[in-house]
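Two complexes come next, and they have one chain in common, chain A, joined by chain B in the first and chain C in the second.
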Partner chain A sequence: MTLLRKPWIWAWIAAIVVYAATIAATAGASAAGLAQAAFTFAAFSVIVGLGQMFVITLGPGNVDLSIPATMTLAGTVSLKLMDTADAMALPGLAVALGIGAGVGFANYALIKALRIPPIIATLALSFVVQSAAIWTNRGLRIKPPETLAAFSTGNLWGIPNLAIVASLLTLAAWVLLERSAWGRRVTAIGQSLPAARRAGIAVHGVRLSAYVLCATLAGLCGFLLSCFSGGAALNMGAEYLLISIAVVVIGGSSVAGGNSNVPGIWGAALFLFLVVSMLNTYGFGAGPRMILTGLIIIAVILAASLRGPASRGM
Partner chain B sequence: MRPTADLIRLAVPFLALGALLAGVFWLQPRAMSYTGLNLLFNLAVPIALATLAQMFVIAVNDLDLSMGAFVSFAACVTATFLHDTPLLGALILFAAVAGYALLGVIIHLRGLPAIVVTLGMSFVWLGLAVMILPAPGGAAPGWLRALMTVRPPLLPMALAASILIALAAHLIMARSSLGVLIRGVGGNERSVARAGWSVLGAKAAAYALAGLFGVLAGMALVGLTTSADANIALRYTLLSIAGVILGGGEFVGGRVSAVGAVVGALTLTLAGSFLSFLRLSPDWQIGAQGAILILVLALRLGLDALERRGVRA
Partner chain C sequence: MSDAPALLSVTDARLRFGEVTALDGVSLALRAGECLGLVGHNGAGKSTLVNVLNGGLALQGGSLRADGQPVRWDVAAARALGLRCVFQELSLCPNLTVAENARILHRGQFGLIWRAEARRLAKAALDAVFPGHGIDVRAQVASLALAQRQMVEIALAFAEAGPPPRLVILDEPTSSLDASIARQLLSHVRRFVAAGGSVVLISHILSEVLETATRIVVMKDGQVVADRPAAEFTPAGLVAAMGSTAQERRRAERGAAPAAAAPLVVHALPRGLPVRVAAGEVVGLTGLAGHGQTELLRALHDRLAPAWAAGRRPAVAYVAGDRRHDGILPLWSIRRNLTVSALSALTRRGLVDERAERAAAEAWRSRIGIRSPDLGLPILSLSGGNQQKVLFARALLAGAPLVLMDDPMRGVDVGTKQEVYGIIRAEAAAGRAFVWYSSEIEEMELCDRVYVFREGAAAAELAGAQITETAILEASFAGHPAEGAA
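Then we have the complex of A and B:
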């Protein structure tokens, strides 16, 4: 069974088991609705997860903690710019992506110029970006343009539009990681930075582009999320910090970098959403739901570690 | 005598704190008093304790993303069980510390990524906290309230306590064989094992110390605020990591400083209130903490470069 050896298979098995357990509790009444909801909400996790994956692949210590702040800033500023006008949809999107790219550049500038660990650089910058978001938001809640709101909540032949967008991005990310020279370079840097440098890879350029890509995807996710939920909120990105890291690692990518896979991100994103809805269906309160979510995350990591030799890393 | 590299490294957080303090005093001379200092550093003690807790984990090359949730949990237990049934409360907090040690054992034995395990644990602690206190409430035990609001002569409580805490953690980390062992595991795990020490024991001890200081942070917080809430300390996760690094710590290599970590925590505490003295919009308060973090690290880079030039000359 070569399929069982794939690192991403466990996240998918876990997602399917949880899906089945939830459907069983409702006697199959909500099978289609649950799948639709799962794919919609997983789409957001996938978009930020893909970016985080490229950054984590760069090796130990590479994590982008500025994702939530970037999402919030991109969401607030783009909604403010569009001001519910459909005609401004494209400029709004461009601004969201631009903010993301800008944060990515700034992140890597700090890492490179000050030689500070990426965790601290992105953390420090995220404080600044979050403040900028608070300052632009000012408690206003601007609705997204109607076309965008309709698009982000709509579906095509039963498949949520957002899931289609995320799938296309996933496909692109897979090609980038597995089939492009750039992706090979990212992986090579993650396995050994000195070796990659000796092999003639422009290490800084590749790392910079990975951080920019990650933050740009965060900007896109913030844009889509604020259109989907009818406005930008200051805490809208908060939960995506942990989720973006969790989907990468639960999806079977190595947290120490240098060994990542794309399909696992979808499995893990679906799994994380389905766990919460399963516990909801079984009537758990907020407290027990969180405790079980945490224990299940740890159990999946533990199960994944049992299949191979223990791998070290932060 | 030439100052050693470690001393220079430790000087940076002190310089940053001194500069911030000077700025505050210049803007508001009335802050230069017993009461003023007490207000400025009011919430410093729990943040300093949480930063030290994070330091023990960072010393063994791990990272704890559940610190804020754990401090919240400890605060909720303190405001409920420790207040109503002290024995049961103490037992729960003791079990939480034991749980932390167990976490260290599991992470080490299975070679699990600490980031992800603590990520999972953050949900667990938060869930427990929500179950204990679904709505903000509870009450601080009288003795704890009295301890946190005591007014010692000369120095305000927050500063006196910070100095005592820093000294205690410094003794554990730099002057005890356990501390050396913990830092050794961070530096080179294999050579510690070859020398016949138990890496497992060291990791369990580091995590247990993290749990202990996390519990103390939660208790101190309740002593100050007199009530608790499940989300009361969620910010502490990122603040504690920033404090350790600000204080001269490194993510890998077991290079951490207890005194530096406490000073780093004080600096971050002060950074928030500095802005209100500048009469800038409170919107930028979090941003100021980020900017100060960046500035201090830039300063450290400059000093490191000076130091290297000194070595070459």
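Then we have the complex of A and C:
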């Protein structure tokens, strides 16, 4: 079956199996509620995951570890700027995106100008960004503007608004990766940087734009998350460091770069949320829950890799 | 010559790498008290022969004798006999000091407290070959200049430690030494030989070989084509022996070179002639491999291909010779590999126009003859020659006025070569310019003009009917030791 050869199918199968197992334990009582919660929380993972995917596609060693700090700074500063005023919603969003873009530029500046490996450069910069967030925040917890809070927790015909936003972004990312010349160039760089260079690709321009896109999405995610959770917290981005990478890998994209897919990110994001819900439902304590989460993730990645990577004949 | 058995001799040595015959029945004897000069152009088989002699490569046919006896020959046996080798690519550990390198090269010669001993050994070795060398044996190799590293490497090869050196092979030993240091080395070689040692000297500087060697062996296409006392050779005779006879062909195929058109690009190098290319010209880069041709192509490409923001029409396209490293995009289909350099032209509002992409790829498939049922198949499903055709098609489809080619015919079969030659001439006639580095001299005869490279610079320029194998060989081997390399 051609569908079974798609690298992203395993994340979706895993998500559906885990969902079914959870529903079975509660005798179907929470089917709709669980799905809604899963789509809401997965939306955040998807938004940062899409950005991380483009960076990882750039090839070995490329990863953005500044996502959590960027989310925190974008959330903190934009809430402070809006100061609960609805009229400031758009400027607030613009500032969040601008902070993201700025971090992206700074990341690539460190990588290129100082020749620091991305893993170190983005981690180092994240300390600076996180410190900036602490300095702006000063322990204040400012509520988001009323309309934004309502929007981020609301839904349209039962579908969470955030899931709709994330789906639109997913569609855009798919077009960008699969149909645009830019996506082709990102993928070419990920297969071989010297070959891409000699093929005439402006490798620095393309890499820079991928890092900027990733950090901008992190800024957006921080903005939405702080609106959703009623205020920015200094540790709000922490869990997204691992999640942003995990959704890319579980989703069937190659960690070595050059071969990524978009649908898998949704499957993996849903799966990561649902695994924790399932283990909660079955009454596992915190310790066993983390061990089992780790084991299940390993199992899904193994299942996907044993099938062999599908060739990208196009 | 003495009647004593040769120190080391090979008889009818044969060695093939896949389709390539590297040694085709070579017989050679190395005797005590002689310096053998070994000369030949790229691919003549010199390096392969050296690797057979030092035990690095096993023969597929023929025999090898040491001191007249057939032996099991490997690196350890070669070492035990007293064979030492100095390679062109330096083999010292850059993170260690000179003395520590001596310790590694001559392991087993030292006790537990070896540092002082190793320092003494390294210093004595350097003093013997290069009196007044000024190298501190406690210095890290990485901190030394290139010429000093080469001096260390040479001196350690002649050092009296372990099995005494009886046969020293020097592969391009003077390539980074200046004239006076090179003279020191060559007089040491004469002393060593006079004392009963044996030396194999490989050099692209024919005057060195003629002055130093007692006997000269000329190789071509894996065979020994001349083996005579050095006194019987003149520089011209040596060049003639390296070339093949009667190869004035293909000349008629080509029209007259475009008359002094305004150059499309001029690239000045720190030394030597500036490289000029005019529209519609095929400019060849030749000379011995590794003398700066690839570096020139890379520098030209880096200069003309923007790394931050590409324009809609590329100014330059590049055909890689090292397919695996900087040519093929291995995860992609044939089609995507073919169109990657032309994406800007195949894009409508940011999105790739897949219909136009298919049409462009199909057009080149039939024009250049890519043998595959479906261009959607992975690029790695193609044979090497067909992969190379895809890279050619990629560069030509890019629509750039200048195409750079880095020895692109390596490992390509004869039929494919002829097809590609035809396309290059046709594209040049249509106004495109080509800069073509090739390690094969015959391909240079397809060019309008040729630059012969020596020691990182374009040393000579040949045009039209001047482009002959003899002229290229003469220019490649005409050098004097590099000045001021230290």
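What we mean here is this: the second predicted complex is superposed on the first by the 308 of 314 C-alpha atoms of A that agree within 3 Å, B and C clash if a C-alpha of one lies under 4 Å from a C-alpha of the other, contacts with A are read in each partner's own complex, and residues count from 1 in each chain.
The working rule: a residue touches a chain if its C-beta (ideal position, glycine included) is under 8 Å from a C-beta of that chain, and two chains touch if they have at least 3 such contacts.
For clarity, every value in this text was computed on a predicted model and none was experimentally measured.
Contacts of A:G283 after superposition: neither chain B nor chain C is touched.
Set against each other, chain B and chain C touch different numbers of residues in chain A, with B touching more.
When the shared chain is aligned, no partner comes close enough to touch A:G158: not chain B, not chain C.
Contact with chain B, but none with chain C, is seen for A:I298 once the two complexes are overlaid on the shared chain.
When the two complexes are overlaid on their common chain A, residue A:P194 makes contact with chain C while staying clear of chain B.
When the shared chain is aligned, chain C comes close enough to touch A:A202, but chain B does not. Looking at chain A, you'll find residues 311-314 touch chain B in one structure and chain C in the other. Only residues 60-61, 63, 65, 110, 114-117, 119-121, 123-128, 130-132, 134-135, 242, 245-246, 249-250, 255-256, 285-298, 301-302, 305-306, 310-314 of chain A touch chain B when the two sit together in their complex.
Residues of chain B touching chain A in their complex: 61-63, 65, 106, 110-117, 119-131, 134, 238, 241-242, 245, 250-252, 281, 283-291, 293-294, 297-298, 301.
Taken in their complex, chain C has these residues touching chain A: 301, 305-310, 314, 316-318, 320, 325-333, 335-336, 340-341, 343-344, 346-347, 350-352, 376-378, 394, 398, 400.
Across the interface of their complex, chain C is touched by residues 175, 179-182, 184-185, 187-188, 191-192, 194-205, 208, 258-259, 311-314 of chain A.
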